[in-house]
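The same subunit A turns up in both complexes below, where it pairs with subunit B and then with subunit C.
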Partner chain A sequence: MDLDRPIPASAPIRQPSESALVVRRLLSRIGFYLFVVIVGAYFALPMVWLVFAPFDAHPTLTAAPPSAFTLGNFPDLLKDPYALPSLVNSVILAVATMVLVVAAAAPAAYALSRVRIPGRDLLLYVLLLFSSVVTGTAAMVPLFLLVFDLGLINTQVGVVLVLAGGLIPAGIFILKDFVDSMPKSYEESARVFGASSFQILRDIVLPYARPGLAVIAVWVVVNVWSNFLIPFILLRDPGQLPAAVVVYNFYTEGGQANLRLLSSFGLLYSIPVVAMYLFVNRRYGFRFYGGIKG
Partner chain B sequence: MSPRGAELPAPPRGASTPAEASAAALSTRGAVAFLTPALLLIGVFLIFPALWTLYLGITDYRLTGIQAAQPQVIGLDNYTAALGDPAFANSLWVTVLYVLGSAVIGQLGLGFALAWMFRRWQGPARNALEVLVIVAWIVPSSVVAFLWIAFLDTHNGTLNAALGNANIPWLFSWPLLSIIVFNTWRGTAFSMLLCGGALNTLPPSHLETARLAGASSWQQLRDIVLPSIRGHLLTNLLLISLWTFNDFTPYLITAGGPNFATDTLPVYIFRNALVNFQLGYGAAISAILLVINLGIALIYLRVLRARN
Partner chain C sequence: MADLEIRGLTKVFPGGVRALDELSLHIEDGEFFALLGPSGCGKTTLLRSIAGLETPNSGKILIGGRDVTRLPPGARDLAMVFQDYALYPHMTVADNIAYPLKVRGVGRKERRDTAESVGRSLQIQGAMLDRRPGQLSGGQQQRVALARSIAYRPHVFLFDEPLSNLDARLRLEARTFLKQLQRDLGVTTVYVTHDQAEALALADRMAVMEQGRIRQLDTPSNCFLRPANIFVAGFIGSTPMNLLPATVQDGGLDVAGRKLLIPDAIRAQAKVGDAVILGARPEYVSVSATELPDSLGGIVRVLENLGVDSLVTVEVGDLLVKATVPEERVPAVGDQVWLQPAQGRLLVYRQDDGEQVGAPPVAPIEAPALAPQAG
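Let's turn to the complex of A and B:
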């Protein structure tokens, strides 16, 4: 950690006494530890409940080690009519959106990276602008009406299309980075040796872009898995709802929340995204792309 | 311009457009075919809704009744109604405080402080703190919303327990402060990671020289570090401001209450448009939010271009 060092002897002008320096270093070290403890508690304390309550036979709102340790809260989730089906719904939404985004964004990214289409730079600019400006909250009225008019209200197809439309631009930018980093000479040599366009794409571009596709896939899944607003406004039928909305219903609908259900389900629902994030982060590092409908 | 600048390669040997195209596996026509599905989806589900918002905002559209079948264009009535509505003024003010408190001061301030601390601090305590901050950012919002409801609960909340059974009704007495503290907790990771990346771009020799010359940590920060990463800080600030303006998560904790104290613009739009089904009015407010977003995004892109 960076603490003030003694000023070198060659600077005699404001040389403080030895003891004053020791006190200063001590104080700044104490201040540093105090800050770390407070910030650590700030970030840890709200999360502790999610670690302990799922394993407590009688959880309360207070975060405390389980008074009566149990794993029974998890099998009990089977008894709830919405908990586990909602996880299936989340998987369906996440996978369908992921397939759609990858299938649409990958060819678009390749074309934008390799072919100098007239107006390309303007197109990229407009895409970036719209993808960051048009958020789910700002566009909830027209999105609701559009999906309503298309007859897709209360269907998972509607949710998938809206989520994909919002995620594709950022997907294109991330993938374009990957294609841009691929030397053009690979494709040129393949062409010299008489490979067809299809062969070049399948045997050279696709393998090279595979890490990029994996990043996009996981990134879309994480986003859709966590998204609350879009399914919240577009789905009504309780049997269709993804876990994000069902968790919310657990603590807003009908009287006292069942904390055993809520805590164990909340943990089960949260683990996959944390695991996926850590996986992507470890392998590819942090990338700051935003513009996600939230 | 390209999204992050810098990656547009200069055409080799002044190659003409067809020559460049032939190097790739695609003709221009093929490229258009490759772009079509993506542009179709973006056009219908991203660009069209934005433009439609602007139109709806000037109509008296409702989901049921006569106005549903034949919405009338009523000009700027929705906008004048909104601008004259104290509820809207309250909502805008609450949103500004929420953005200033949680994004500008909270996330950027704390995120930078953490990145600065982490710069040359190694060890398990550092890693644990970093993971905690990131996990707060990753866990889905409907889960963290309840974690904070529980944490701030008047009688059984962990915060009051930690303060010696203080029984302070945080969400009733300090609602806006509560969601500001919540959103700082929620979003600091992004600024921490981005500032960390920015600090890594500084040549260590600069700071070393300054230190040898007797500059204190504070002087190094003010005279060397902040001026060099100003661009990063500004882009970060614009992004988190835009996201916080559009953040729907406060709804999950307080639903805008008590007594509209946390009625941010997204919550206000949701209530008017999709609960009370005043779609025209809701769309007008949405259009105002879109314009705010557009303003932030245009500044962002300009800063980004200036930086490259």
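Let's turn to the complex of A and C:
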């Protein structure tokens, strides 16, 4: 308290500049909050629409509480023969790709982190570069031909292989970061006790990198869940299409969106991803890892 | 239980750094052996080579007479305690202690029993066994790391600066504890440290290393009382040893224009006119307020209180000489005093190679190497 005393003594001299300072600070605070509100609203409005529109008998593109509340949109949606199976298809694709990516990326990341080979980093960067090409539009024709030659057109195996191929390099890249952060002495002490490489991977590296594996798993699922192009091109049979493709069924032939079905389907489509995020977040707790947030 | 033999071990890292240079060494069964040296002297590389975590370029390592040079770490029957303890954060303390048994496929029940019995002997018990390493204090973590090594029942213990992460007071406690433990277990132990006090306190024998070579291999008391060369002399001792340039004269030593008596042991080897370095620990230099014959007269410049003693820095000509004085006889800054090294404690080194003049006229650097039990 005694420390406060000298301030009133000098206050009369500083009075005008201090009040100006307060005003300026207040204004900048207001400006900042305004900015946050605008940015927040930009992202929040579609969500609000997604929550309200499915329960509206006559939804429009405005985000407003339902004018005529109904649950009837959902039974109507289930009448569509492809709506529900498409969600199941999405789950199959996402889970299969996730398992494949994690199973391939984890040992690869461990090996690349621990084994010193010339050009290791270059290899990693080239893989990463190609992977963005693989799932990109540019490689669509060769990819189609490749999958066709393999006889995997119109199979979910083909889609899973292509998606996994595109995601594995980035998965290795992210996981390698986790493994790099593990002290070498962990493995060395296990080696001194006679543990084999497999035992070290199973008992020490994988449990240590578990948050990283969770990040990869969620990231793969989200990627596959929202991927439209690859299943759209590689699958012919409408019964096999995932939700991201089927969502385009809810347009009339004239190109008009059926907002009742589209919004209800959109809600069903987003719930699994949100639920998974909440579950994994609770279980492992997402933190910032090597600049990548899960 | 086993002895440990190193024969002509050389390790050159990619990039040309010679971490170990034709190093030979024999450690007796049950011995507590310390490797001491400044950072980069190769002591950790030697320890890691013994463990099998580094592959030497040439030379042999024998544990209990068995050549293990090309064996993987797990086949060498040794346990290592790392500087950071290397406890697995996702396992409980009990699982950590019993991990070496899990590797061997021992069942859950037996692992738990071993963890409990080994833990009990190191005061790790009760609820502590089910905690994670992150919830333990540094001292407790260190004991868990020890327990894990003991649970492995190795022939040789390797310690890589295990006390350096503890605070000063805890380190002293842990040191006593470690020495007691090693004595009880009787397991051959190699202990790496850069702290000379730790090596002196713990070891039965020690090797002082510099640039991949052993500069002195001896008991702690010999390393302290009779350092073989200037490097060891300067490295060992909590207060640094006085190293004073001098020349041999007829019947004496000339130090900054003052005369000291030449120690009897080297009178025969020293020639008049030889340039030498005198080594005298501050603890073995007496300070007198009255003039003494054959002493170094000078002015007190700095006083440092060390607790029981005070460290006096005296300006003798253009040299600074340090001496410790008991609390009741501390001079004042600016006083004229006379310094005299204690009889038989004055060490004389050759100026050119830094090796000791006198008693054992040894070849420089490779003195201890290749000598013992090479066959």
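Convention: the second predicted complex is superposed on the first by the 205 of 294 C-alpha atoms of A that agree within 3 Å, B and C clash if a C-alpha of one lies under 4 Å from a C-alpha of the other, contacts with A are read in each partner's own complex, and residues count from 1 in each chain.
By our rule, a residue touches a chain if its C-beta (ideal position, glycine included) is under 8 Å from a C-beta of that chain, and two chains touch if they have at least 3 such contacts.
Since we're looking at a predicted model, the values are computed, not measured.
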Taking the superposition on A as described, I'd like to know which of subunit B and subunit C A:Y208 touches: first, second, both or neither. second
Just checking: does A:A96 make contact with subunit B only, subunit C only, both, or neither of them? Give me first, second, both or neither. neither
Per-residue touch tally on subunit A - higher for subunit B or for subunit C: B
On the A-aligned overlay, A:R191 touches which partner chain: subunit B = first, subunit C = second, or both, or neither? both
Taking the superposition on A as described, I'd like to know which of subunit B and subunit C A:S131 touches: first, second, both or neither. first
Counting only touches as set out at the top, which of subunit B and subunit C does A:I230 meet: first, second, both, neither? neither
Thinking of the overlay built on chain A, is A:P183 touched by subunit B (first), by subunit C (second), by both, or by neither? second
Can A:Y277 be said to touch subunit B (first), subunit C (second), both, or neither? first
Subunit B versus subunit C as contact partner of A:V220, first or second or both or neither: neither
Common interface residues of subunit A - those touching subunit B in one complex and subunit C in the other: 188, 191
Footprint of subunit A on subunit C - complex, ascending: 51-53, 72-76, 78-80, 82-84, 86, 88-91, 99-100, 102-104, 148, 152, 158
State the interface residues of subunit A toward subunit B in the complex, per the touch definition above. 1-5, 7-8, 11, 32, 35-36, 39-50, 60-63, 100, 103-105, 107-108, 110-112, 114-117, 121, 124-125, 127-146, 148, 161-162, 164-166, 168-169, 172-173, 176-177, 180, 184, 187-188, 191, 197-198, 200-201, 205, 222, 225-226, 228-229, 233, 243-245, 247-248, 251, 262, 266, 269-270, 273-274, 277, 281, 286, 288, 290, 294
Footprint of subunit A on subunit B - complex, ascending: 1-4, 7-9, 11, 17, 20-28, 30-32, 34-35, 37-39, 41-42, 44-50, 52-53, 56, 61, 63, 110, 113-114, 117, 119-121, 125, 128-129, 132-136, 138-151, 153, 156-159, 161-162, 185, 190, 193-194, 197, 211-212, 214, 216-217, 239, 242-243, 246-249, 252, 265-266, 269-270, 273-274, 279, 282-283, 286, 289-290, 293-294, 297-298, 300-301
Touching residues of subunit A toward subunit C in the complex: what are they? 183, 185-186, 188-195, 199, 203-204, 207-208, 210
